Every structure is written in structure tokens, then in C-alpha cells.
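Chain lettering (A, B, C and D) follows the sequence in which the chains are written, and residue indices restart at 1 in each chain.
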Amino acid sequence: MWLLSVRSLTKYFGGLSALKNFDLEVETGEIVGIIGPNGSGKTTFFNVLTGMYQADSGEVFLRDVKENILTKRTHHIITLGISRTFQNQRPFNNLSVLENLMVGGHCRTKGGIMSALLKLPGARRDRVWLKDWAHEVMSIFGDRLLSMKNNPAWNLSYANRRRLEIARALVSKPRVLLLDEPTAGMNPAESLQLVQNIQEINQRGVTVIVIEHDMNFIKRLCQRIVALDYGEKIIEGTYSEVRNHPKVIEAYLGQD
Amino acid sequence: MLKMTHVTTHYGPIRALNDVTIEVAENEIVCLLGGNASGKSTTMKTILGIVKTTSGQVEFMGKRIDGLPTYTIVRRGISPVPEARRIFARLSVKENLEMGAFIHRRDPGYDIEAEMEEVFKLFPQLRERLQQDGITLSGGEQQMLAISRALMAKPRMIVMDEPSMGLSPKLVGEVFEIIQKVSKIGIPIFVVEQNLKKALSIADRGYILNKGQIVMEDSAKNLLQNENVIKTYLGEE
Amino acid sequence: MFWQQFITWINLGAMYALLAIGYTMVYGIIKLINFAHGEIFMCGAFFTWWFMTAASLPLPLSALIGILFATLLGVGVERIAYRPLRNAPRFAVVISVLGMSIFLQNMARIIWGAESQVFDVDFGISPIFIGSVIVPFKKIFILLTSLVLMIALALFIKKTYLGKAMRATSADREAAEMMGINVNSVITLTFAIGSAMGAIAGILYAINYNSIDPYMGFNAGMKAFAAAVLGGIGNIYGAMFGGILLGIFEGVGAAYISSMYRDAFAFAVLILVLIFRPQGLLGEGKSGEQAKAR
Amino acid sequence: MNKPRLDDLTGGSQITTQGPGLQKSPLVRMTEVFALSRWYTKLIIIFACLLIPFIVHSNYAMRVIIYICLYIVLALGLNVVMGFTGLLNIGHAAFYATGAYTSAILMTSYGIPFWLTVPIGMVVGFTFGLAIGFPTLRLRDDYLAMVTLGFGQIVYIVANNWMSLTRGPRGIPSIPPPCINFFRWHIVIDSYRAYYYLILLFVLLTVYACIRARDSRVGLAWMAIREDEDVAAVMGINLGFYKTLSFAFSAALGALAGSFFAVFQTFVSPNSFTILESVIIITIPILGGLGSIPGTIIGAIIMIGVPEIFRAASEYRMVAVGAFMVLMMIFKPEGLLGKKLYQQVYKV
């Protein structure tokens, strides 16, 4: 049963195609890896999916959502259940870890300026709930975030900032979690641990799509892998299928 | 000519290069290979002084160049062909070439017209496009312009960052042929590349970078046959 | 009657254009607005007036010294308010340059007094008749000077090595540095040329209205900025075109709508252009990079 | 009962999930106790503020203190836009003018009591804030600064020229003092002491509103926009709505200060609302630390109080303000009480 269905997605940047007729169906509960050389359109795919870029053509459907989600505004897409992290780490640096996570839960709470000024009980209840929920999400990563929760995000180590971004995305209760190079800058032990964390998240029902260039990480984590080159899907399949496919080898190593 | 010894570089708290040692001798094509985010571009930026070293040193022609501003390093004789070409979009092709010759603008012995003729011998297409804006060129032509722009500076050495990036496979082949031609003029070239097979087919020696560290160093021929090279790119079987 | 007014508008427009060039050049190279540019304009006029009255030098000489002083001031603004903040958030730079502008304006007020001063220049040449239109010589002088300067600048940018280096730096600073261009000196040069143009505009403005005051830089600066934005900021031809267009807009607005709100027209144009066409009339959309949709 | 649990990570089958969790974690209880104890400290501060007129007898000193309070309201309002949302506004005096003119015109021409003109002024200010908030959807930093500067100038020019409404440069004189009629009590606010209590009430209201807003979901959204607009949008924050709201909220507080200014001066003219006024207001949160409420209050005390002490040097006040802005940005961009800011941008 598909959860996310991408149909012939195309995106041009000044005449160059960053994505060309990209199709992808993601099943509920899967972990899908996306690989490809630099500039092959992986991050562009995430950016289009979350509404940061406008696609030139193509449609994306999410189960239980009737319309094409590309027609939605950026801030609406997370409400539907698609949440992401960023390749070049973008936590809200001057906010504390807890506050970062609470921003992630923005779309799951209510309360405007009036209820804030008048201290209406609804908004307060939401806030209490959100704080508890953020603590729960932090506990996925053991004590690493919990012990730092009142520190500003820029104070965190590199790996912890990656974890913070994942946690922030999870607070929004996503159905699909998009991870953009989660292990960049992590050491092998940390990325091994991250595999377990992501698997745990996945077992709790979150479908994961992960962009990664560390092939050993992909091998441990993903059931299915999609390889991109020049914005086009060259193959999808299991790790060993993709790993040994001549087109993938060519994309990475070049032609003879 | 160029010698990087035990260079470590940081972006803020993140270590991007770890104890990298690279050497380029005269009349050599040396390539630095590695997958995404392995630190290739950082190496290039470190040579050019855009990124400062935390430890280790970079020498060019026997003199230290680390810590110098980029334009001084370029004036010493290292000409860069930057990643994604970085053609000046609203300057004409001719003006782009003149910018390449900028460091010789007060040099009476430098004949810009003659120098351009030399470049046109390598890239005859550019002559027709002389008055066009840089941005109107195709990707392949832009790459040629970027290389000619570097040649205009009469460099002692050329450093290239991913010349094959964003080009179609056919053009990639052409670009590497050009690199070989340039090298025959007698200019050593240091190429940072992702396209392993193509780069090694023209290079004399190669280094393989993984997670900011040099993991292998050998002649191009040996590297091409080494199975472990593929593993650093594509992971275990 | 219309042509009489038209000449006045064009005149005003030419001065806006000269001033707008400074905004646009600086913006092109460091992607920031030089809020202190209006004060350079004012200081150029005041320095000239000072040398004319206090040292009783002739106008051309005092103008030359005035331009020199104002140019140094402009370069100083870059050194103090911009360079230490090169890697700081834009927010901080804007505040710092705004502070610089307040500082200069009030320094001028303390040195030269808050009242307006008479800037008396008599060319001794009688007005010229073109058909039924009477044109005072000073208007022709202003128009010609502005035109010559604009053409000279256009040639400088187009033909010389340094001019090309300036364009290259504004297109891609890092790549320019890779060509061996010392970006810092190019930035200094840009501020110097922009400030000199601004100072000349200030002197012409003073010749036109025969009066100067320490607050003249603010309004003129805002309007010239509006002109630069109207033409497409970062584009020198855009600044020239926008300046003259704004002069006409303002004149038409004052003549046919309401002269009391003359100053408001420029601001309204500025806001409307920024909202609806942030890349300006001659811009290519690239300069609207920080003007994001959504 | 419904404590959030990790098993519910995707929110089950519902797309929108509401969290009704009522049970408090020990931590939440602890912060509540902490906040309660803070109430006592707050009460002490308020009590001390109430006592000030009984300690200070000089009329001049009272006037300075009233001005400090007035600028606290103005600066806290501006702090919402600049400190919380990270948008530059160099036209805050326009909102200030809106409030002042609304109160002045309604009280003199229509005889509407002061207490009614305050909310009307705030609504008018709010509307103006919405109008100026609109360009913020597309502009940032220096461009926005220019637009707000232009907006402030337009309001000034209109106030100067719309003779039938504002009497132009002649201003609106003899604004009656506000009075409280409560059964048989009839209190006219016309002494410094009475004005002080009035502005103190406004200050407390503003501080309360700012703290509530900051600690709410809305405040968090504002701060997320300040940190990274694009990421904030991806995290589900409606940029247009929250930016405009922040401008409108700030404008309403500016108008509140304006209303007080009108009755305190008993005279309003466009000269009180020039660009320099806006610049002085800007320097206050910068000095105190952008985003910090106590910082802004201390900033106002220093920026308004100190020049009054050195009255002889008032000539140089604006020069000092300008130099101060430059130096502050170079050496201490986070201000006196602001948190150490993250500035370095790491690119990988």
C-alpha cells in the first residue's frame, strides 16, 4: 500500500534539469535510501516535496490527502505529515533545544495571540502537552538531547545538532520523515548508533526517506535504494542490486 | 611545485580535512578523487587560501602560501578553474578573458592579444563568441572559457575543481581531452574530480580522499586496477 | 509653461541619478544599502560651501576640495561601519550604517549649525531662450555636468580594467578573487567613486537651490535610493534612468496632484516598486534575490 | 490521561492530532512553583514602582521618569518586531504618531473620553501595522529598513500637510486631561504623580503582553522566523501571517504610548514624530539586547535617563547615538542583557 506517490516530477534551474520525470512510490513503513553523485537532484527532490521550490511539472500524492500536495503552501505540508531535516544543518541556533523541538510541534497545537494574552486554558493545555511530547521525542536519543535541553542549539556538538534536527522533525508527528545526509560529519560509531535510532523511529510507524552518500550506512539501514543521476532515476532495488548495477558504477566512477 | 604537508582544516567545529599530504611535481597531472563530501573542494579551497588551515602547511615553488589572501596566491602563479565554472555572467567572453589576465594589467611585457590568440588555438569556438555575454554560452563552452580564463594568467600551475560537474557524458570526455592538451603546454595540473575513471585515464598520479583523509595514493594505472578504490566510493559488496 | 517645468524636472532627475549611482554601485558590490550616502551628498555641498565662504576660494577649487573630502569620508564610512562587520548578519550592518548616517548628519549640524546656509553662485551668464522657454544658465550647467559624468562613468565601467574588475566583483566576489583581483581595494574604489558622484550631486543641488542645510541629505538620499530601486538596484544604467524618471514623477505629481505631498510621491514609488517589482524596471530579477516570494 | 507516548509518533491515522494531555510532569510542576515565587519578586518590584512618587519630589525628576516609562512602552513594542521576529523597523514613530493623533483628534474634536480613545488608537495602530506588515512578506533587512523608513516619512508628511485633520505644523493644542468618573469620585489626571501612575499602568500592561506573547506559541513562531525563515516555513509556520501579526502587535503598543503622549503633553505636532524619534527608539532595544524584555527596560533607563543627567551635552546627544550604534554593532551586537548570539555561519 503506497503512502507517498511521486509522479513524473520535473524541476528546471535555468534550463538545466535538476529533476526529470522522477517517479517514486513509497510504501507505508519503509526505509528508502536515495543515492547519487553530487548535483544529481537528491536535495532538490526534498526541496520540491516540502514546497521550498516550485516544481515545473509532476504530482505528489500522500495517502488520505485528496489533492496533489505540490499545490499546498510550504507551511501546510508539514501538517499533512511530511517533515524533513537539512543537509547543511539548520537548527534555530539561538533557541534552546527544547524550544527548537516545540517549533516542530507548531502545526499540532493551537492558540493565537489573543489566547496567549488572556491566558486561555486551551492554549495552555496545548503548550503543556507539547512540552511533554518534546521530552518524549528527545528520549529517543537517550540522554544526549535531554541533558542539553535548555542550551541554545549552537552550543551543541555537530552530531547532536543532527539529532536535534531529526527530533524537531519528529515532534510534528510526521508520517514521512525526510533525512538529508544525516551522517555528514559524524564519526563511524555515531553513525552506527544513528542507524539504530532511525530503525527505532521506523518501527514506531514513521516511513523514512534518507539521502546519504555513506554507502555502508545505506546498506545497514535501507530496504530499498533509489539511485539518481542527472536528475533521473537510473535504478531502484535492494542494496546489492544497486551497488553492482553498471549504471550506478558509471555514475559514480565515470565511463571507461 | 605544490606541496601540502599534514594539513588539517576546520569549518567551525567540524574537521573537514585531516592530516592531508599532497604533492604535485612539474609537468604532472595529479588528481584528487573522492565521493560526495569527502573534502575534495575543501582541499582546493585550502590551496587557494579561501579556507584557512588549522595546522600543517602549503608550499608553492618552495615558499609557504598558507595564510596568504587568495589574490596573492593567484598572483604567485596558481590559476584556478573553480567549481561550477563561475563565469562572470554579465561580462562578455572577451571581458572574461581579460579578467583572467587581470594580474598582468600593468606588465609591459604581456601582450594580451597574443595571449588570446594562443588560447584560440586551443579553443577556436571562443573566437566566434567573443562579444557574447558569458551566461549565454552552453555548459561545455563555459568550461572552455573557464579554462582559457585561467590560461590567460600565464599560470605556473592550474588547479581545477570538478571540471566534469554538470556536463553531459560526451562533453566530459572533451573536457578531459582539453586538460590533457593544456598539460602538454607544460603546465602542471591539479584536478579535483568525482569522475574516477575519466580522471585517472589522463592523470599521472592520483590521491583518494575519504572523510577528509587521504586513504590511497598511487600511480593512476595502479589505482584504476585497485578494487579497494571502488569500495570507498560504493561501499562494501 | 510645460516645457519650463519639464526642464526643472529633468534637472532634478539628473541630480537624483548622480546620487542614485552611488547607492547602486555600492549595492552591486557588497549587496548592502549605504544608508550614509545621503550624508556624503550633504557633506560634499557643505565642504564646498565652507571653502568658498571661510577660505574664500573660487567655486571650482572649493568644489574640488569638497569632492575630495567627501570621497575620503565615503571611504572612511566603509572602513568603519562596513569592513569590521563583513561576516556579521545583515541586520547588524544595517544598524551600524544607519548609526553612521545619524552621526554624520548631527556632526554636520554641530559644525555648521542647524540653519540653512546660503550657497550663492552666480555664473554671470544670462538665461538662454529656447523658443518661448527661458532656461537659466545654471540649469544647463547642471544638466551638462551630470550628463558628462554619467557618460564618463559608463565608459569607465565598460572600458577600463578596473571598471571591468568592479563588474566582475559584483557578479561573483569569490571568483573575482580567484582572478587575482584584490576585492578589498575594489570595494574601496567603489565607495570612492560613488561618494565622489554623490558629493558632486550635492554641489549641483546647492547650486540649483542656492541653499544648504544639514538635513538635506536625508530626503535627497531617500529619493535617490527610490530612483536606484526604480531603475533596478545594482544596475548603473538603471540608476541613471530611474533618477530622471523619478524627477519627472515628482514634478508631475507636485504640479498636477498636490505640491504639498511632493516628498511623499517618491516614498510611495519606492514602496510600490519594492512590493511589486523589486528587481526594478531595468533589473533582470537577479537583484531581487532577497525579495522572496512566499 | 493521554500522556503523549512514542507509540503515537505518527499520530495514528489522524492527520491533525490534538494533544489533550492534562497530566503534569514533575518538571512542569517545578517551573510553575518557580513562576509563582517569581510573582512575589514581581509584586515587590511593582510596589517599589508605586512608591516612587512619594520618594521623588522634584517635578523635573518625575518628568524624566515619566519619559523613561513612555520609552519603555515604545521600545518594548519595537522589540516585538526587531527582537522577536528579527525584522527591522525604522518607522516606529509612525505608529506612535498614529496613537497620539487618534487620541488628540477624538478628544478635542469629538469629546470622546480618553479611556475610549486608547483602544481606538490601538486598533488604528494595529491596522497600520497590518499595512506595513504586508511588504515584509517579500522584503528583509536593508530593503525592509528602507520601506519602513519611507512609511514613517509618509506618515510624517501627511501629518504635516493634512491641515483639516491634523492642523499641520501648528499641531493640536489643549488636549484635555483624562479623568476618571466613578460614582461620586471624580479624579482628573493632571499632576505628574497621576500621569506617572497612568504610564506605569501602561508599562505593566505592555510588559505583561510582551511576556505572554513571547512565552506563547506565537512568540516561538516569531523567534523561529528570526532564526531561519525558510526552515520556519518548512516547520509549519505561516510566514505571512506571523510577520504581519508581529508588526500589528508592535504597532498597537506604539499607539498605546502615543495616546499617553498626547494627554501628557496636551499638545501634538508632527515634530515629535520625526525619523530621529524612530532612531532613538531603535537604539533602546539594541543597547539592552534585542529580544530581551528586562534588557529593553534597562536600555530605556540608560538611553533616556543618561542624556538628561548630562544636559549640558544635549547638543551631542544624536552624535553619540549614531556613534553608539556603530560601536555597539562592532563590539557587542548582543547588547547588555542579550544572550550570546550565534553569528558564525558554517558552510559545509
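Simple rule for what comes next: contacts are C-beta pairs under 8 Å (C-beta built on N, C-alpha and C of every residue); 3 or more make two chains touch, one makes a residue touch a chain.
Quick caveat: nothing in here was measured; it's all calculated off a predicted structure.
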Give me the set of chains touching chain B intersected with the set touching chain D. A, C
Going by average Cα coordinates, which chain is farthest removed from chain D? B
How many angstrom between the C-alpha centroids of chain C and chain B? 42
Please report how many Å separate the Cα centroid of chain C from that of chain D, as a whole number. 34
Where the CA atoms of chain A average out and where those of chain C average out, how many Å apart are those spots? 48
List, in ascending order, every residue of chain A touching at least 2 other chains. 73-74, 184-185
Can you list the chain C residues in contact with two or more other chains? 294
Could you pull out the residues of chain B that touch at least 2 other chains? 13-14, 37
Considering the complex alone, what residue numbers of chain B touch chain C? 48, 50, 69-71, 74-75, 80, 82, 86, 88-91, 95, 98-100, 102-103, 105, 149, 153
Touching residues (chain side chain B, partner chain A) in the complex: 13-14, 35-37, 139, 162, 164-166, 168-169, 172-173, 194-199, 201, 230, 233-237
Which residues of chain D touch chain A in the complex? 3-11, 13, 15-25, 27-28, 209, 212-213, 215-221, 223-224, 226-228, 230-239, 245, 249, 339, 341-342, 346-348
Within their complex, state which residues of chain A touch chain D. 50-52, 64-65, 73-81, 83-84, 86, 88-90, 92-95, 99, 102-104, 106-113, 115-117, 119, 123, 125-133, 135-137, 139-140, 152-154, 168, 170, 172-175, 184-185, 201, 204-206
Would you mind writing out the residues of chain D in touch with chain C in their complex? 86, 88, 90, 134-135, 137-143, 145-147, 149-151, 153-154, 157-158, 161, 229, 233, 239, 275-276, 279, 282, 286, 315-316, 318-319, 321-326, 328-330, 333, 343-345
